[in-house]
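For clarity, chains are labelled A, B, C, D, E, F and G in written order, and residue numbers in each chain start from 1.
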Amino acid sequence: MTDIMGFAINFAFAGLLAGLALAFIRLCKGPSLADRVIALDLIAFITIGFIGVFTIYSNATAFMDIAITLALVAFLSTIAFARFIMRLPQSQSDEHSDSGEKS
Amino acid sequence: MEFLWCLVVGLMTACGVFLMLERHIVRFLFGMILVSNAINLAIFVAGRLTRGNPPLIASDALLPAAGYANPLPQALILTAIVIGFGLLLFTLLLAYRAIKGLGTADMDKMQHAETEQ
Amino acid sequence: MNLFLLNILLAFGWMLLNGNYANTDFTIGFVVGFFALLLTEPFRNKPHYGRKFLAALKLLVVFLYKLLTSSLQVVWDVITPTHLSHPAIIKVPLAVESDLEIMLLANIVSLTPGSLTLDVSEDRKFLIVHAMFSKDEQSVIDDIKTSLERRILEVTRD
Amino acid sequence: MQNPILKLWLAFCTLLPLGIFLLIGASYKPPESLFYWSWIPSLDINFSLRLDGLSVLFASLISGVGFLIQLYAVAYMKPYKGRAAFHLYLTLFMLAMLGLVLVDNLLLLFVFWELTTLTSYLLIGFNHEKEISRKNALQAMLVTGSGGLAMLAGLIMLGEMAGTYSISAIITQGASLAQHSWFTPSLLLILLGAFTKSAQFPFHFWLPGAMAAPTPVSAYLHSSTMVKAGIYLLARMLPVYGDSALWFTLLCSAGAFTALWCAIQAYRQTDLKLMLAFSTNVILGQLVMLIGIGSSYAVTAALLLIAAHSFYKAGLFMVVGNIDKATGTREYHELAGLRAVLTISFIAALVTAASKAGLPPSFGFLSKEYLYKAGLEFGWLLSGSMLLANAIMVALGLLIIIKPFLSPHHEKAAPMKAIEHNQLLWIPPIVLALLSVVVPVALLNWYQGLVIDPAAAVMLPDTQVKTVKLWEGFNLPLLLSALTLILGIVLYVVYPRLKPRLDQLMSGLPSGSGVYQCILNTVIKVANWQTRVLQHGHLTQYSLQFFIVLLAFLGTALWKIVLWQVHPLPSIELDLYYYDVILAAFLVIAAFVVVKARTLLLAVAALGTIGFLTTMVFLVYSAPDVAKTQLLVETLMVVFIAIVLRHLSAVNSVPKHSTSRRLVHACVAIGIGVSISLALWIITATPMNQEISEFYAQTSVSGGKGRNIVNVILVDFRAFDTLGEAVVVVIAGLAAVAVMAGKRINKLVSESTRENR
Amino acid sequence: MTQWLLVMPIFIPLLTATACAFSFRKQSLSSVISWTGAIANLLVAILLIQTVIANGLQVTAFGDWKAPFGIVFVADLLSSSMVLITAIIGIAIVLYSTADLRSKPFYAIYHSLIHALLAGVMGSFLTGDIFNLYVFFEVMLITSFGLMVLGANKAQVDAAVKYVVLNLISTMVFLLAIGLLYGATGTLNMADLHAKVAELSDTTMMLISGLFLFGFAIKASAFPVFSWLPASYHHLPSAIVALYAALLTKVGVYALIRVFTIVFDLVDSGYQPLLIVIAGLTMLTGVLGAASQFNIKRILSFHIISQIGYMLMGFAIYTPLAITGAIFYIIHHIIVKANLFLIGGFLKRKQGSDNLRELGGAYSAMPWLALLFLIPAFSLAGFPPLSGFWGKFLVIKASLQTEEYLLAATALFVGLMTIYSMTKIWAEAFWKPLPENAPAPVTLSWQENCLYITPIAALAVITILIGFMVEPIYQLAETSAMNLLNPQPYINAVLGGDSISHTAPLSANGIAGGSH
Amino acid sequence: MMEWIVALCLITGVLFSFFSALGILRMPDAYIRMHSSTKAGTIGVGLIMMAVALHFNDTSVISRAVGIIAFILMTAPVAAQLLGKSLLMNNYKMWRGHQQD
Amino acid sequence: MSSIIFRTSAHIVTVLMLVFSVYLLLRGHNNPGGGFIAGLITVIAFALLMLAETTDYVRQRLVYSPAAFAGSGILIALLAGLLPLFFGQPFLSGLWWGKIGSPLLFDIGIYLAVIGSVLMVLLNVEEELS
């Protein structure tokens, strides 16, 4: 592996993982359900990217199938969440409508 | 590198176990998902880790490339994942039924079975 | 007819996936695609399939260009410290009618600068769009109708 | 008696003991095995029957008295329902008892021992609709059962000491067993069995309780047979344990005390049946004492007393049964003038009571003489206590005869009806009364040759037994007999005044059945408490228990490793890339987010993230198939959760555990987590044996015809796992539908579209 | 022949289950299929044990991949006799259910699940591979979940939650243990593990075996991890609870015995003293739990625990005699406990309750049932010469031989309390007159009566037979125990003698191998 | 030469992805965050896939990469649209930015 | 949930997924994939279709009940395992005729079993809960 590829790959890993971190923060922060879902969707995208980079890095093309699979299924979970939000009775924020625990 | 993942397995298990002890039945389920993920990971780690060399044989070869990853734990985890999926799916719907039928998600309030009739 | 075409396409897709271009693969792909279509029956009202290759290509190029610029626009807004946007929700009247057309337009609108499809009205007459930079609503509408909808109609209609 | 089958059955039940009695008589040629069948050779349990002097005494009593009892019961049980079953139980009981005295194998003896417990349970509880019957049946069962279980341990120990379970073989080893460390424990345990069965103090109380049974049962089981099982066992064990001082001390003290104590109890009763029941305890005590003494006289006395008691006690019980039948009561105070309706019974009563009181020339007198002879060898204490007990027996004899039969009938007394037109009600007691006199007077030599000599040869192999005579001239025992008689009469006379004072005196003392009830209640209380503690119904507490146990398991092993340095900890080899660390960190953070999430949806989203992250981990470490499956499964799971959660939003929120409880949870969880980490680390630090995986790699193409080794494992090398896994998934599907569907399960599973059905 | 024989105990029930599932709407058809399957199963089981007795241990390697590379099924005396008993119980339950559950809407799916459960149980008995054991445990577990929630009411759902939650803990720990074991040894075949485990350090072995012990202890419902059993069993339909009571916990004990003889050595693992304590406390807590109950099913459920204690006791003592006793006890207990639950179910059907306070009069109303109850009840209570006595006798004898006096005393006390419980049921349900406010007993058609009584009577007859044919069963149990304590022949048979091909390095071209 | 192109694609793709993530963190409301994730995310993944395709230059890889890009182009806007619709249905309050009205 | 845009694209995506799943099934022996993975992707495809349309639509497309799929899957897997026994080989041995072999048949059985069981749950959950 040449220097430029090495750099690019390392940059890619770092950048994607940093992106993952940011998206994850949004996932935790919410505040609405939709925000979390958007973040999760983006995490799926970033994961697809990570798989791509790792495919280049490891030279094992078999990993590409995982990327396809991920692209397929991430769509489903986003849709399912979207529907979840849609069917919720009242509010835009999940903090009230959720069946969480109270302390 | 196994050490790192040993640590992760332990921490994930700890989180999972903690959740499994909570009163909300759905949280128990989440704990179970965590623990079962952690255990799959544990099997994976126990079979030793190999970076970037999947146990596949190229179409012109009879053996996988040297230093290939241990395929057996992978097969075991596949089985365990699928079995775990079945169990979790059932548990999820049982939780649903319990919440709907018993009117509470609190596992400690589910006291219908052991009160003397 | 269009199903048949789609079927052929799927067979080619199959070969692509396999990275293998023999007759047997085409046959398998065709059979697999046939059953897949049979199971899902995707288009109940049939759009026309003509020789719209050029129109489609043009649409694609425009679309890719818009996608790139829109991305850059978003990125710029992200990295600059102040929020530049003036968001609004806009109803865009539709000339397109079929499901496929509506879908294409909606998706392309979503992926182009400053606009994001939120819904199609119940009567399928309007596209509800969230516009990021909508100082002037009409310009947004015009932009969508001229640069996108027209091109789609060129592809999908005779 | 219309039912011919019932008739036939009753005839069979009656004639069976007679046949056995005759068979025993015909085949008795001591000391030979009658029969040998190797039942369970591996356990040294052989069905070998031996008929020696001791066995023949018991066996003939069991079958002979059994015959009379069956006869009597045919008449007595006529109005009862379920009499066929009654005779069945009685017959079974008799067979068990016969087996007990005939077998030459310790374990087989135990088998029959327990069978007598079981059948007697059914007999005692025969009047099962009454609560007292059920209660007393249980009491008898538990008391004799607990003794029996202790005895089992004792018998096993004895068998192990001797290296055989054959009784005759053990006896030949005799005193040599005394050196073994199990000698004393086995002795104690066997005594526990014998004492409970033979109703020795403090286990005596079940026997009067067993009087809840119909009278034929009392006559049979609780006079002449079952309670003698313990006596039989003690007699059998005499050659093994007889030399031990403990044997002597325990048997003599328990026997003597039981005799005295129960004599006083008998004296206090007003129910005639209970009087007899307690006096049975007295005789049992005397028998135990005699076997404890184990001298030549004592053995002779015991052998005489066993037979004498069987005759007169069975007879007396039958008479009491007749009284009950004629008047509907057995209360001493309510009975008078019975001679008028129970003429023949009265004669039987008179003779048997004389035997009980020990008047010459009855069998009772003879046995009492030898009792005193045996007692006198060991000083005045034993003899004195026996004298008192026997005096009370005299008083009881008088009590039973004089007021109920001889006093004139008066208004307050229970009304009477004639019952003696049924011959079967009086023939058996008369026969027994006859035997009580005929044997000592006319058949003594015959008895000596048939029973005493051979039985004594079994019990005291080295001792010559003296010839028994009814009349041996004026001697000390005779004097004691006279004294007994006088004292007895005195006790009879003072009975009206003494009884209330005795009652007053003894009312404060705890009764045996009271203690039993108290123990039973305590056990039940402990059981309830324990169950409340262990099975409290709080699920999370169960889970916590389970996890604590798991932590204990893991902790003990790791404790050894970490603190005691049994196993040196492996060094940490860090062969890491930064993305490993970041992925790991994310995984852990995401897991924490699931824990800390205040809303379920955030937890679900974090779980989804964990799914993606684990996918990446599997990807990085070369497991594409796993990564894919993980991804798909996780996504589907999230979809399912999303679908389900949407419908649970209306559910009330759930309170959390208290902070301290959560702290405990955290500690347990962290403990388990750390332990698992450590365990995994220790295991992965050693090199791995991968020969199986190598085999798979080498054979995948040639044998499995596949290039994806993981898949070849799944569908070929270990396809069987995959089959099972598919079954799991399908059944999980069914189960999931079932849990949701409730009663519409079939419809839900089988329908292909909704409208069509 | 072996190839056929060994797979049929799994194949037939799975096929039957599938066939039952396909005949959803035709109750009678699914009944017939279910019966046929159960009978076929019994025939195969008989054939299997005959073969094992005649020709010794039988092994088949699935896919023709020899151990340790592939999965093997091993039928030795122990496993084939367990399969036989399972088949017997299977028939009894299927017959009984035809009477008891026919009216229920879940009838067809029920038969499917029963057969799947039987497959799981028999697979667990036969497998020679530890991961495969896990798979069959899961088949069993998920099927038991399914059966548990069929037509469930509130209480049943609650019971199911407890059952599921606590059993899942066991499952996960079991899986973890397998993972660690594989990581430490690199193999999954139990015979192959024997030698490789012996090379592990003591602490590693203790660690891994501790996890196995914990997992199996839950499955077997040992103290202190039995809570799931009394929390759930009594709400199940009798046929199902009979099946569970007979088989599920015993599979746990069986697995414990297998794994701690062939894979680990109980003594070497360091858990023997602990197991002895566990056994004693299991007996004690179980029997005391039973003493505090007034519901037939609850009493019987708690007694499962106490009797598991006997089995564990036999195993923990770890002498040939003790293990013989444990095996004898398992065989006896499967038959007897199933029968008692079936009788309890029949009483419930007649009277609409299984609470002792609401029952009564059965002795007068159904004397034949009383007799049929007496046999298993007093067998369970350990009255000789019924089957229960011999197992108890053997373990007590063994405990005395090894000078475990306290354990022996506990076992004896527990025996006494078992007598108490059984007589309690007898006195309350049979002897006591029917309470005045109780409803009149349901009258059943003679066919229904027959279907109820046939399995009950058959099992009672088997109980008596076991009691009287002690010698052959003792021989069987003793041989099994000797085989367990000296597993070398088993290992040789599974791995194909001393010349184990896999220890030799394989040629690099990948053509060589242990298969074909 | 090809390496440089691949590296360029990779780096720009990653940058887009990163900014997309930054966008959803920084942007003021869910609608605008969706703009960010949909557009920048799509192009980011697209570029990375292009890099993969170019790197391997192998039909099976190219076809898969193209498949992924096409698939994402097809699904990402739909997902965004559904989420948007759900927000609309829940009367999600839009951030009005610096508009006067 | 009835969004024209989603419905239309869901149809296309479903077809793609189905094709992809069969591809994974058939190629699984040589590349990552196989019955389980393929089955799960099929399930996801139909899940998407279900979300876009209705459960009845999906049931009609499937023709047979999901339980029938599951049952036949298990049946096929069992028979694939039994087949070698008739050739004197142990249960589940690989029999190969060129590129077609009993392991492939076995994998198809697994594929169907997964599809059937998970879809059965999915459709019923959706129907019961709405």
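Convention: a contact is a pair of C-beta atoms (placed from the backbone, for glycine too) under 8 Å apart; a residue touches a chain by one contact, two chains touch by 3 or more.
All of these numbers come straight from a predicted model, not from anything done at the bench.
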Original post:
Tell me, which chains sit next to both subunit C and subunit E?
Top reply: G
Subject >> Rounded Å distance, subunit A centre to subunit G centre (Cα mean) >> reply: 27
Original post:
For subunit D and subunit G, what's the span in angstrom between their mean Cα positions?
Top reply: 60
Subject >> Chain centre separation in whole Å, for subunit C relative to subunit A (CA means) >> reply: 23
Original post:
Just curious, how far off is subunit F from subunit E if you go by their C-alpha centres, in Å?
Top reply: 57
**OP:** Spell out, as numbers or ranges, the residues of subunit A touching 2 or more other chains.
**Re:** 20-21, 37, 39, 54, 58, 60, 62-63, 65-66, 68-69, 72-73, 75-76, 79-81, 83, 86, 88, 99-101
Subject >> Residues of subunit B engaged with two or more neighbouring chains >> reply: 20, 22-24, 26-27, 42, 45-48, 51-54, 56, 59, 62-63, 72, 78-79, 82-83, 86-87, 89-90, 93-95, 97, 105, 107, 110-111, 113-114
**OP:** Return the residues of subunit D touching two or more other chains; collapse runs of consecutive numbers into ranges.
**Re:** 535, 537, 539, 543, 547, 600, 620, 622, 624-625, 628-629, 632-633, 635-636, 639-640, 643-648, 651, 654-656, 676, 680, 683-684, 688, 690, 692-693, 696-698, 700-703, 707-708, 710, 714, 716-722, 725, 727-729, 731-736, 739-740, 749-750
Original post:
What are all the touching pairs of chains?
Top reply: A-B, A-D, A-F, A-G, B-D, B-E, B-G, C-F, C-G, D-E, D-G, E-G, F-G
Subject >> Residue ranges of subunit A touching subunit B (in the complex, touch as defined) >> reply: 54, 57-60, 62-63, 99-101
Original post:
Once bound in the complex, which stretches of subunit G touch subunit A?
Top reply: 1, 6, 13, 16-17, 20, 24, 31-33, 37, 41, 44-45, 47-48, 51
**OP:** State the interface residues of subunit B toward subunit D in the complex, per the touch definition above.
**Re:** 1-24, 26-27, 29-30, 33-34, 37-38, 40-42, 44-59, 62-64, 68-72, 74-75, 77-79, 81-90, 92-97, 99-100, 103-108, 110-111, 113-115
Subject >> Residues of subunit D that touch subunit B when the two form their complex >> reply: 535-541, 543-544, 547, 572-576, 580-581, 584, 587-588, 591-592, 594-595, 600, 603-604, 607, 610-611, 614, 617-618, 620-626, 629-630, 633, 636-637, 640-641, 644-645, 647-648, 651-652, 654-657, 665-666, 668-670, 672-678, 680-681, 683-685, 688, 690, 692-693, 696-698, 700-702, 707-710, 713-714, 717-718, 721-722, 725, 728-729, 731-733, 735-736, 739-740
Original post:
Where on subunit B is subunit A touching in the complex?
Top reply: 22-24, 26-27, 51-54, 56, 105
